[in-house]
Amino acid sequence: MQVPRLLINLKAYPQAVGERALGIVRQAERVWKETGVLIGIAPNLIDLTFLASRTDLPIFAQHVDPVDPGAHTGHISPELIKFVGARGSIINHSERQLMLKDIKASVDLLKKAGLTSVVCAPTPEESASVAVFGPDAVAIEPPELIGTGIPVSRAKPEVITESVKAVMDVNPSVKVLCGAGITSEEDVSAAVRLGSYGVLVASAVAKSSNPLRKIEELVEPFVKI
Amino acid sequence: MQVPRLLINLKAYPQAVGERALGIVRQAERVWKETGVLIGIAPNLIDLTFLASRTDLPIFAQHVDPVDPGAHTGHISPELIKFVGARGSIINHSERQLMLKDIKASVDLLKKAGLTSVVCAPTPEESASVAVFGPDAVAIEPPELIGTGIPVSRAKPEVITESVKAVMDVNPSVKVLCGAGITSEEDVSAAVRLGSYGVLVASAVAKSSNPLRKIEELVEPFVKI
Amino acid sequence: MQVPRLLINLKAYPQAVGERALGIVRQAERVWKETGVLIGIAPNLIDLTFLASRTDLPIFAQHVDPVDPGAHTGHISPELIKFVGARGSIINHSERQLMLKDIKASVDLLKKAGLTSVVCAPTPEESASVAVFGPDAVAIEPPELIGTGIPVSRAKPEVITESVKAVMDVNPSVKVLCGAGITSEEDVSAAVRLGSYGVLVASAVAKSSNPLRKIEELVEPFVKI
Amino acid sequence: MQVPRLLINLKAYPQAVGERALGIVRQAERVWKETGVLIGIAPNLIDLTFLASRTDLPIFAQHVDPVDPGAHTGHISPELIKFVGARGSIINHSERQLMLKDIKASVDLLKKAGLTSVVCAPTPEESASVAVFGPDAVAIEPPELIGTGIPVSRAKPEVITESVKAVMDVNPSVKVLCGAGITSEEDVSAAVRLGSYGVLVASAVAKSSNPLRKIEELVEPFVKI
């Protein structure tokens, strides 16, 4: 199970669907091949199969439902996303929050399917709380910073250091991604300095006029690792 | 906006994903071309793009979220399903029930996108209630009969006749589909006799060992219309 | 089943709990006795028993759960609120929205218990939609006006006239209450002129420095009916 | 903040409301005074004020909403339950499950209000997960045993020992209550032997024909501590 250093959430942005999503994937692939830094892409679910069948980059779902395949109209099981080639899923994003029991059940089903789980949490305490379930990574995203362009690494560095510490205390094998407001190389460097394994970004890449350049910029701090 | 006479919900059945879903679509296409009876397929969301790009049959989502494109991680907007070629969506299936306001918002956004809306309801009263929003169709599915193989047309014929009447009273342009327990030509005939415009089926086709034959059987009563 | 002309929602306002809630009830009682205009009070659930045992005014719950008495931790059934003397409940308030099926089930259980049901809805279409279930009243509250002090009767009079018409078309025995932004006698008069049977208010009374005077003012238009 | 050794959840049982709830409270008081073993009662919310004003026993809510007092129709804030004399609340009961963020917010608001928090969890992992938030106690209730009369201490003793260990590892000041299926002194003794601080029971007392005797029986193992 490999956790990307840079995980790009395409949300439901119209700038990042279909061929445009594929364009971002191609650019990420190029940067990955040039730098060796692992990049993951989490497209809107309608593009999951389309993208997963066209790249070796890890493609993530933005959400899965903790159900087995079967009579579940309108639900997407971990097994189904695996079937189409996805390599993991984001869980409990602040725009798609779950009950405690469904977070656990989703992590468990992703593990069982051999898929990577990245659970979002807004605070150090919630990060530690979900780390208990042993996901591959926890992504810290203070909701008040999401989409603001104000990086958590600058506005609230202690949220990262405390989350990293809290997660380590619970389960040292769980990696920490830093999300919310990351838009520049400097933000990523700060996140790494504060102990993050990687970063989770969305609009910085998905709405960029030059995604290639932005991806190159954002992976730079990992090249040096 | 065309409402299928036979709408096939593939749920999250492992027997009906990927190439197997495409197989069902191909067989439905063949029956449609031979008989002229319109058939719709509602695959699991991961297959939506894949199937919609390969057929002229109307492909439906099993669920949409009442959001516009944008920062909605893990949500699927009506505009996005249209973008990949879907022609409509099921709403409020008993396995994916919604708040009243989200049913209305989903119907409104589907209309705005020029897509067909089929809202599920378990009783005549709830059928009338959702018919107020002016969807293209209401699908009656008494939940206690879903997946039983006991057709509502036999077990509770009055549920259909009352629903048809109640929907007509509210909005005569809304069509009524009969769901829950439909497995044979006889069930479809009974549903049509009781006033249904069409039927909504799932396991009868999705889990059939011979989907072609089953589809041929189920459209038979509409050929004669 | 009697629907109050003035239904006062005390929400979870700290100004309107315990003895302060009782004070409002006493003042409402006085106005009721002087004018004959029926006034209902919907206190926070923790005050339901306390108030219902001290007054003949109809006391309403702000929400009920569509469950029968039994193993339902943290839920309040219609039968239980009846048991302590409540006379009805608000359902689907914009601050406590429900799935379609739970709106219907709540109305049905309240009817079965002989209690009055007042279902909230934000638009004429949703008003008609819930009127199908035959509640005693529908309360129209465009959510964008709640708590603003801008009365719907002034900002969007057509919302009231269309709701009244839509509800009448569906079920003429369902009364329409006008909510959102009602703060003065003039607002109530306008609501009545536009076809409302009564009004649903909250902060105008609950946060008033002189609830007695405010209640007297708000019932004035009904005295003349 | 005191955690009861025996916490009795009256759910929405018709056998345990109003005067009947008060009867159980009186019997629990008597046992408490005779034995010194602290007993808590969690009545249906409609009885909260009624009971809290009549006893010195700690009365618990069965659920609170993580909101501050204010415009929250149909919600009960920690401050409001404190206002009427409650001493704490159950959170995330399997019959009233919450999103992760709401569990944390509820624990935080209860702490801020000086109230005792008892968070329910079905497994050792979820127990550890919620222990991170530092509630006063975690109540382990494997949902498959709730209401069965099969005590977890007999059917799945390892669930208790593992939960106790997992909670201790996270936060040794969090107490563990054992729930689900406790009906006899023997069950309580086993729970205590396996490391539980106390027990959470419901039907064993609430539906008992002789609640006094049952309470006496269930506290017996704590008398000896």
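Letters A, B, C and D name the chains as they come in the text, with residue numbers starting at 1 for each one.
As a convention for this text, contacts are C-beta pairs under 8 Å (C-beta built on N, C-alpha and C of every residue); 3 or more make two chains touch, one makes a residue touch a chain.
On a predicted model such as this, the values are computed, not experimentally measured, just so you know.
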item	value
Length of the shortest touching-chain route, chain B through to chain D	2
Chain pair, C-D or A-D, that carries the greater number of C-beta contacts	C-D
Of all other chains, the one whose Cα centre sits farthest from chain B	D
For chain C paired with chain D, centre-to-centre distance based on mean C-alpha positions, whole Å	34
Centre-to-centre distance between chain D and chain A (centres being mean Cα positions), rounded to whole Å	37
Chain C, residues touching no fewer than two other chains	none
Chain C-touching residues of chain B, taken from the complex the two chains share	92, 97-101, 103-104, 121-123, 125-126, 128-130, 132-133, 166, 170
In the complex, chain D residues that touch chain C	9, 11-14, 17-18, 44-50, 62-63, 67, 69-77, 79-81, 83-84, 90, 93-96, 146-147, 202-203
